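Following this message is one structure expressed as structure tokens.
Order of writing sets the labels: A, B, C and D. Residues in every chain begin at 1.
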Amino acid sequence: MILEGAIRIPFKYAAGRAGSRFLVALRDGMRIVASRCETCARVAVPLRTLCPACGGDDLAEVEVGPGGSVIAWTQTPDAGSYALVRLDGADTAFLHRLVAAPAGCRIGQRVRVRFASSRRASILDIDGFEPVTGEGR
Amino acid sequence: MNEAILVPIEMAATWRYASGAAMERFCDGLRERRIEALRCGVCRRSYLPPRPICGNCHAPLSEWVSVADEGRLEAWTVLQVPMLDARTGSIREAPYGMGLIRLDGADTTINHYLAESDPARLAIGLRVRAVWRPEPRGAMDDIVHFEVLR
Amino acid sequence: MSELKAPNGDRRPIFIVGVGEVGPVAEDPRSIPEMVLEAVGMALADAAMGHGEIDAVVTASVDLFDGLTASNIAVTEVVGAVMKSETRIAADGLAAAIHAACELRSEAYQTVLVAAHGKASMSDYRSLTRWAMDPIHLQPLDVDFLICAGLQASAMAGADGGAQRRWAQLAARRRASAVPGALAAAISAEAVLASPVLAAPLHEGMCAPLGDGAAAVVLSVRPPAAGRRSVRLVGMGHDLEAHAMGDRDLTRWEGLGRALRRARADAGIASEEAIIDLAEPSCLYPHEEELFRQACAIGDETAISPGGGLFAGTAPVVAGLARLIAAVRGLRGNARYHQALAHGTWGPAGQGQAVALLEAAD
Amino acid sequence: MRHVAIIGTGQTDYASNRSDASQPELVREAAKAAIADAGLRPQQIDAVLISNMELFEGRALPELWLGEAAFAAGKPCLKVATGGTSGTSACISGFHQVASGLFDVVLVVGLEKHSEGQTQTGMALTDPFWDRAVAAGALGNFALSISQYMAERGVTERQAAMVAVKARRNAARNPHAHLKMPALTVDEVLASRPLAHPIRLLDMCPQSDGACAIVIAAEKPARRLCPRPAWVKASATRHEQPYIGDIDRRLVTMRTLRDAARGVYERAGIRDPLHDFDVAEIYEPVSYAELAWYEALGFCREGEAGRLIEDGVTAMDGELPVNPSGGVLSSNPVGASGVIRVAEAALQIHGRGGERQVEGVRTALVTGYGVYAWADVVVLGAQP
């Protein structure tokens, strides 16, 4: 026999030093903050406490985007569309929703970040990437 | 300015648990206020809850044994703080009694609620009996709690 | 612990002496303990052993997928771990087998039972995978393992219009060779391309169907009884890639490359060109098999997934151990196979990778 | 068996709420400290093991998000999640991985951040057909077993309170500890809020956020890098039947801990534990459990645990100091608690115990406890 068991439990995850600064910059300045590694000079977004390339933890804060180009995208029937975008100034790609692109988009498409009107220091302060028409065919 | 941001996410998840044959028969029994244990052919221990094999002997459990709905209180406590009742998702108010009960005919104990919640009136060795829900539905909470036989 | 001198230095050969597998099926009405009990029984019978000869157990399971805290507690009795050492260490059965081999190499034990189970049918498995994603930057976007796979496929397909057709043909070919009664029925490439898109560019027909299953393997430093072609685990390696998709080169499985290099070093196989007769990859999608072939430099001389691999159906967490079992059965049943590779992976877009190199000892 | 030793340890401060740091940042803090303590650079770590009771933070496959912070990106990394024994079992897995010859240096990191989740998650997801019908949790289940233990072995609430006092006073000399109470008295423990008869608030372990890491090395690197390596003499794990009612008088019998200890003592040449060990870090989620463990571990005969604590035998100046760190009673990030026991025992052998250092430690005992009666035992020594 089958018994259905359900739970409904709230969790709250500390964004930490780097995560908090990244989310506050979205909320207050509509800025996308990344870290530039003083050891290997690679720029990683979102802001980190360690460099994904060389593991160094001597990192400076830099701003990247809001424009960028699509390196991968996907579309689902129920959960919307997503894109991996190399933001201008960043060495790592950034994953977020793809908006205003009902037919999806193509690799290399130029996009820009669309911020939400009301923001509360969350990754959802960004609505998603929207295709930039007319810029860079 | 170092604001510590917290990201709230609520988990709402459901699982469809399969009882397995032994637990299914046990739950069916509860519907008729019948408690059955499964006995190991090697060590002769009768287990509640029933299960596929005896962990000590690695032997299949296949001999059903009927067990009384009363027995001996082997351990007890009184919860003095409210606890989550995972079945209903609501909070069970304190105080409430709990015990490990060895039902006559079973070799393991079952953990269940006690009607009594005054520590001064609880002791190991007391005889207790199940108080059943008016319409049992085939689950462990068909037994509301165990009352102490004074 | 008696001192068994191994032919190659201080390490004793590890024999895979028993294998057992249940499912995968779309929905197994039994409980997880009942399924694991059957798989363990098959593996012990195959090894002609009882629980008394098992020194320790290694298990693979995930609490959130089972809906149970410390979910290996449900299988403690059926894997024979009461009053015995059990190490619950993996989210994929092959990773558990690799740790079991480490335990043998450490001389802590002589015979170890490995068990894994997974029941995709008991939950909304795909949405549960969201809870493995970075809760700060990814989970609030509802990113799950399927969406990550779609992004990897998209990065690989790039501007290559022909990728989808190539993948549809590969999926159709794999499912056609699945054993009758498997979870996934045979399907044409056209039907694959006509099936609904789950996460562009991945069509449903390309995706390995997920179901319920359990598997068990007995590893031992004691050689098996004669009479059958014995199989040895000669090399092992595993790896964990960066978590964020944007930190990785999605057109390659670099982690698998590292895991294979470690496995070859462990096996004392120097050259990259060491031939592999049989490969059992743990690939859920056609593009992953391309990533697998590229990372392992596997060409047409290697038989890949003769039984269809995961495309014939798979149970989460069990997949890697099921591939090890398929590789062992392949070596046992086919005299022209001598070296085989079993592969396991877990996490989004193959973030965790594990490789076991097997040899048939004639 | 190839000799392996612990050559470095690292711990964060434990507190009820570390919302200043994310889970990966806590893991990185402990991992970085342990690697530095071992005199190594991160690149020299061959493999990583993570211990974390993922459901308490609502996670699945936590090593995927946390691995990078433990320097595991691009390296072999697995996770252990076996309740309270997660930490000790992860360490034992690390010992085996190094002894296997596959790796020379393995990092083990334990983490828990209870403040991010819900304690009831653990209780909510028990066996849906059995335990879930009865809301007890670890607190209620311990209280049940304690009633049997008190009835059969005659320990008193006052003796249990002495254990709680020893723990929090020891914790006052441990900079990482969560509950530092240098002036705690027995009467204060006995007067603290009742939770589940006879357990009172100060009898019970806290819920803490925090991480702890150790570095395990093979003999050659261990001798080269560490002046006094903490050699792993022996270790064992025993699991038990799945339901609390299966285990006959749990705290009285505790067959898993007894059997694990017996085997480990044999291999480590321990004949008289009370005198052969110089220090013990044992896993006590509730004060009464420490008394039960004294008997299960052979520090004294059955029924004498109360006398042991009353006579100060296990105090810092006693014959066998138990839990100089303050134990689980003073700090309890569950996934890390078992690693903390191993790290604190290793610190004692390294001679880096600071204010909580016991004089001349050559042999240390570690235990892990989890679920209803899962048990781990480890013996560390100044000689391999």
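In the analysis below, a residue touches a chain if its C-beta (ideal position, glycine included) is under 8 Å from a C-beta of that chain, and two chains touch if they have at least 3 such contacts.
Just so it is clear, the structure is predicted and the values come from calculations on it, not from any experiment.
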Any chain in contact with chain C as well as chain D: A, B
Furthest chain, CA centroid comparison against chain D: A
A-B or A-C, whichever has more C-beta pairs in contact: A-C
Whole-Å gap separating chain A and chain B, where each centre is the average of the chain's CA atoms: 48
Euclidean distance of C-alpha centroids - chain A vs chain C, Å: 32
Length of the line joining the C-alpha centres of chain B and chain C, rounded to whole Å: 37
Centre-of-Cα separation between chain D and chain B, whole angstrom: 29
Numbers and ranges of chain A residues touching at least 2 other chains: 2-3, 5, 7, 9-17, 19, 23, 52, 122-123
Chain D, residues touching no fewer than two other chains: 19-20, 22, 58, 68, 73, 120-121, 124-129, 132, 241-242
Residues of chain C touching at least two other chains: 29, 64, 67, 76-77, 82-83, 128, 131, 135-136, 140, 242
Contact graph of the chains (line, ring, star, complete, other): complete
Complex contacts: residues of chain C adjacent to chain D: 1, 10-11, 56, 62-65, 67-70, 72-74, 76-77, 81-91, 95, 99, 101-108, 128-129, 131-136, 236-243, 254-255, 258-259, 262, 266, 346-348, 351-352
Chain B residues touching chain C - in the complex, by the definition given at the top: 7, 9, 11, 13-21, 23, 51-56, 58
Residues on chain B engaged by chain D in the complex (per definition of touch): 2, 4, 6, 9, 11, 15, 17, 19, 23, 27, 47-49, 51, 55-56, 74-81, 83-87, 89, 92, 98-100, 108-113, 119, 124, 139-141
Complex contact set, residues of chain D against chain A: 18-25, 28, 32, 42-43, 57-58, 68-69, 71, 73, 113, 115-118, 120-121, 124-125, 128-129, 132
Contact set on chain C toward chain B in their complex: 28-34, 37, 50-51, 64, 66-67, 76-78, 80, 82-83, 119, 121-124, 127-128, 131, 135-136, 139-140
